[in-house]
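Below you'll find the structures, each written out as structure tokens.
Next come two complexes built around chain A: one with chain B, the other with chain C.
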Partner chain A sequence: MIWDLYLVMPLALVFIGALFLMLFSLVKQVELTNYNLVTVAFLSVSLIIELIIFQNVEHDYLFETIFAKMFIVDKLSTLFNILFLSGAILTLLINNNYFKSRDYYNGEFFALLLFSIFGMMMLAHTNELITAFISIELASITLYVLVGYNHHSPKSSEAMLKYIILGSLAGVFFILGVALVYGVVGSTYLGDIYSYLIHHQNSDISLLVVGMMFMMVTLLFKIGAAPFHSWVVDVYIGSPFPVTMFMATTLKIAIFSILLRLFLVDFAPIYPLILEIIKVVAIATLLLGSLLAIAQTQLKGMLAASSIVHVGYMLMALYAIGVGSSFAASAIIFYLISYFLSALGAFGILSFLASDEEKRHLSFDDFKGFAHERPYMAAAMTIFMLSLAGFPSTIGFLGKFYIFMSVVETGEILLAGLGILIAFISIYYYFKLIALMYFYPSPNPKKRFPFAISTLLIVGVALMIVWGGIGTGLIPFVAGADGLLTIASEALKTIGK
Partner chain B sequence: MTTHLALASSVIFVIVLALPILFHLTRYVGARSDNERKNEPYESGVGLTHTESFDTFNIKFYVVGIVFLLFDVEVLFLFPWAINLRDLGLFGMVEMFVFIGILVAGLIYVYRSNILKWA
Partner chain C sequence: MESIIFFILAFFLLSGAIMIVFSKESLYSAIGFLMVMIAMAGMFALLHHSFLFLAQILVGVGAVVVLSIMIILSINLKEENQPKQNITRKNILFTTLIIAPIAGLLLYAIAKAPFAFAPIAQHFGTIETMGKVLFTHWVLPFEIVSILLLGAMVGAIVLSRRRLHVES
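Showing the complex of A and B:
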């Protein structure tokens, strides 16, 4: 029993790291880069242990005596933890230059970031609804603070206030849903809910459906799906680049981890009852997100609005799960990975440019002739844009391909067609940037490629995107896109009861 | 089948449309009272210590209030633990010490960042 505790080691490490950094931040004479390195060190050790666990977990561990079954370790949660940790490590390293260029970052920033990751990891491991609520709140409350971290900027404070009011209001619905579910089932454990649904097929479950819908509202709000998407653009623009990156990639993955766990297994018997709602929400998210993205003038706003559109694609696959698609769940995980890489790179380039003092806002016009000024960065940006638009030979294309395949598999040709149409519309706002970069003369002379950890990582992410798109055919024994899909479906197998 | 769908969609409908409309309606419908007493912040029945909201007062009151709340709630967890200590055994003991240890780290942080200093 005590040896099973090593399965909890990654979480414990992240938490101890957060406490350590919190106390360490009181030492004033430490350089910011050192905080960053310490954080990355904690996360890396945690990631290595997590990778070892991923190899060894065969069945699910429930920790009956220690955590009273509130905590589950299986391949799915471990896979998601690997994603959170690598996302956080990449975010921190890519933003290394940005941290140095602003004077308001200190040790507490990194401690808060680690607390947020701890909440997300708990969320992936949760086997009980109250724990899920606490984890969501732990991840969100730290993010509220991080969004308003630049407290001298009115825009940042406004974003924080909007996020904290709307976010805490939305969080309330989750606990209301939990209360309703508890009223019917008499337990908040996910396994108990499942067995109740199996054994009471003829009894009245209206309250359970309403409770599930309330919980769904919170989760839809947190991923920024329509009609709960109004906060996304304002908050993303207002928050500092590292936080925007972190929210757009890691937080979305975290919420999808609980969505998959809830609707793949535990609420699966009654999930078909509300499928139509998910379909409407997915369509609304795609359409409204596209409209928002077209209207943006700032690049950060465009990426924020496009993240809404990407959530729409994943909701399409979530709909396909309910209709009975066999690999929609793995398609969602694959799409999360592909979006996470592309968005991370795109935000990374923006944050690298914003670490120059002159460029604070980064509108589209700032990118005129960018390819002549910094050819390598422009090439990387082009790859990210192509991947976000879903162009062939990038990982984004395969992500969209699997999503549309899973939707077509269920016979919803029209929905898949709408998705493809939206993907065509998205070409407008992604390619606008590419056109601006390449087809305008540059006002500035050509600059050398700056060798720093952030730029090298951005190029690395760009290579990974291309490799994920075409690498599988060229290098047969290294896991590329197909390997990721296999890993995802393997992980999903372990949660089937 | 369809009744469940209607129920579930009404949840979304209420949250997305009805609640905001209700909030806006309260501006136009219903009585509005506006007097001096109402606009005062509530301070547990005691008269106002600050007459105007523009008065400056030490932000440390606020921080100490938050810190007090945290460590106040901590005791709330200690009572049920103390009652069930025999049943929980060694693991319960260790778990509570981990919990207290985390809070002690918070206390050290609070202490070292000079929040408790009044000078």
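Showing the complex of A and C:
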């Protein structure tokens, strides 16, 4: 019982933090930075507890007498929680300058963000489909509001409306799918679908498959995969920088937490029926995302569209899981971490520049000669772009390497070839920025490196990316990139069947 | 007898749904919505689920529909202020062609599915059994729903307050 209370502490802390900030936001005298620091403090304590839990937990149902088997705590959920919490902490700290430069942020912003993180953490812990649906909705409904937080910009409000309408329409498919699955299986627990499929191999399972595909529709929509990707660019451009960062990195990881759980266990008996669909979706995501990314003139739009392409790589690995690759699932987790670091840094630099100077540094042309104006920032941006493009010596290269390896392992050479081709195409839009930064004269004089939490963290993230790429062999005692892969596969082993 | 009531309710449900989509005045759409909600409550009553019937009438009809009608009346929605919708025959035909296979697949799957339900117990659907089920077996989702409502409430307050802020 005491151990259970200890396991639930991180979630409870995030929720208490949300309540605290909600009440605290009534006090008008408090500065915005203090709200930010309080939020970060709650998240950090939660993160530390999660790190300790990760060492000690195997596979546990929390409060089994009260919650039955709905609340699962295993290494996978803890690993994902660590990612959400560190993502949120980095997002908040990197955007510290940006919060101060805009007048529309207040205490409720942080409360809503914490509610959203609570939903994501619950999503990683859930072992039951209705709880999963409610957690997805909790994470998204608060995000809808955050997307429209900038009330000066009509674009932000438009993005919010678009996201609300499309997002709730997509969410409905999940609950419809759950209803159909419940009709056949008679239970909404994750493992029960697997055991039903194993024990009823001769009976007609078409309704079950239809229901599961409806659930996939929602999950694919939320990560922005191909037929459902049209909202991504508009919503990402319209929302404020911190929210874009949060959606591009943390929300995507959250959806993958439930997607992996469903796909690895419950979808396993029906792989032959659905793999073709996953393959088509992955290829379409790669191609359409690349087309969108090439066409963008704004840097934020380019990063948004390229996030669709990165989802395509992960769907490729999802296909590889079904064909029988042994380490595709850990490759997905590794890729999530590598993409999360690179995108966080790239959006962080944009948000820092947007907070520094009004209405600048949004399109490609604004970056002409940027390296002569701010050499350190340009170097960090170069590292992020190299990592996103998958250039060797960055963590992004290793992420792509593992994904392609897992696809090649299953014998799907053509699919892996397409992935490599798309990676070459992505060099065009990532390296365009590097070329613009270095090969043009700067219209402005050189500026000093501004020492602040935001900038130091951006440099730190850039160093982490390089360390993840080349540092593995240099430091034998610390877990490097390969260590991350081991941790991921260790966590995946704890999913009970 | 039951099937006659079912078909009457289904008729109202579908005609209300068609009314929502096709009527040009928003108020008529809202009244179509009201029809759908009441017919839905009737469906629950037909299934002996008295709790859901009550909840549907109280929440669906009493709160959701009334609120939407109040909003339509208070902001004086007129047809000329609305964005143009081109509901042409071609669009309807095209959408039907897209939706028809999915609907056919669902129909086929439901017709062939081996449903795994026990025959209903004696106190099925009463408030007492619903309360017991919600607070024992489903207590975790039930509690998270309350957190969801709290988050949604904070969000709604933030959104509505900023509008006042803009006007002042």
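In this text, the second predicted complex is superposed on the first by the 490 of 497 C-alpha atoms of A that agree within 3 Å, B and C clash if a C-alpha of one lies under 4 Å from a C-alpha of the other, contacts with A are read in each partner's own complex, and residues count from 1 in each chain.
Note that a residue touches a chain if its C-beta (ideal position, glycine included) is under 8 Å from a C-beta of that chain, and two chains touch if they have at least 3 such contacts.
The model shown is predicted, which means the values in this text are computed figures rather than measured ones.
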After lining both complexes up on chain A, report clash or fit for chain B versus chain C. clash
Chain B versus chain C as contact partner of A:273, first or second or both or neither: first
Touch test for A:227: chain B only (first), chain C only (second), both, or neither? first
Is A:409 in contact with chain B, with chain C, with both, or with neither (first, second, both, neither)? neither
Could you say whether A:144 touches chain B, chain C, both of them, or neither, answering first, second, both or neither? second
Of the two partner chains, chain B (first) and chain C (second), which one does A:65 touch, if any: first, second, both, or neither? first
Does the superposition put A:210 against chain B (first), chain C (second), both, or neither? both
Between chain B and chain C, more extensive residue contact with chain A: C
Examine A:22 and indicate which partner it touches, taking first as chain B and second as chain C; both and neither are also allowed. both
Chain A residues where the chain B and chain C footprints coincide 22, 66, 206, 209-210
As the complex stands, chain A meets chain C at residues 15, 18, 22, 66-68, 70-71, 104, 108, 111-112, 115-116, 118-119, 122, 128, 130-131, 134-135, 137-138, 141-142, 144-145, 148-149, 151, 180, 183-186, 200, 203-204, 206-210
Footprint of chain A on chain C - complex, ascending: 105-106, 108-110, 112-117, 137-141, 144-145, 147-148, 150-152, 154-159, 162-163, 165-166
Hey, which residues of chain A end up touching chain B in the complex? 19, 22-23, 26, 65-66, 173, 205-206, 209-210, 212-214, 217, 227-228, 270, 273-274, 276-277
Going by the contact rule set out above, which residues of chain B touch chain A in the complex? 1, 3-5, 7-9, 11-12, 15-16, 91, 102, 105-106, 108-109, 112-113
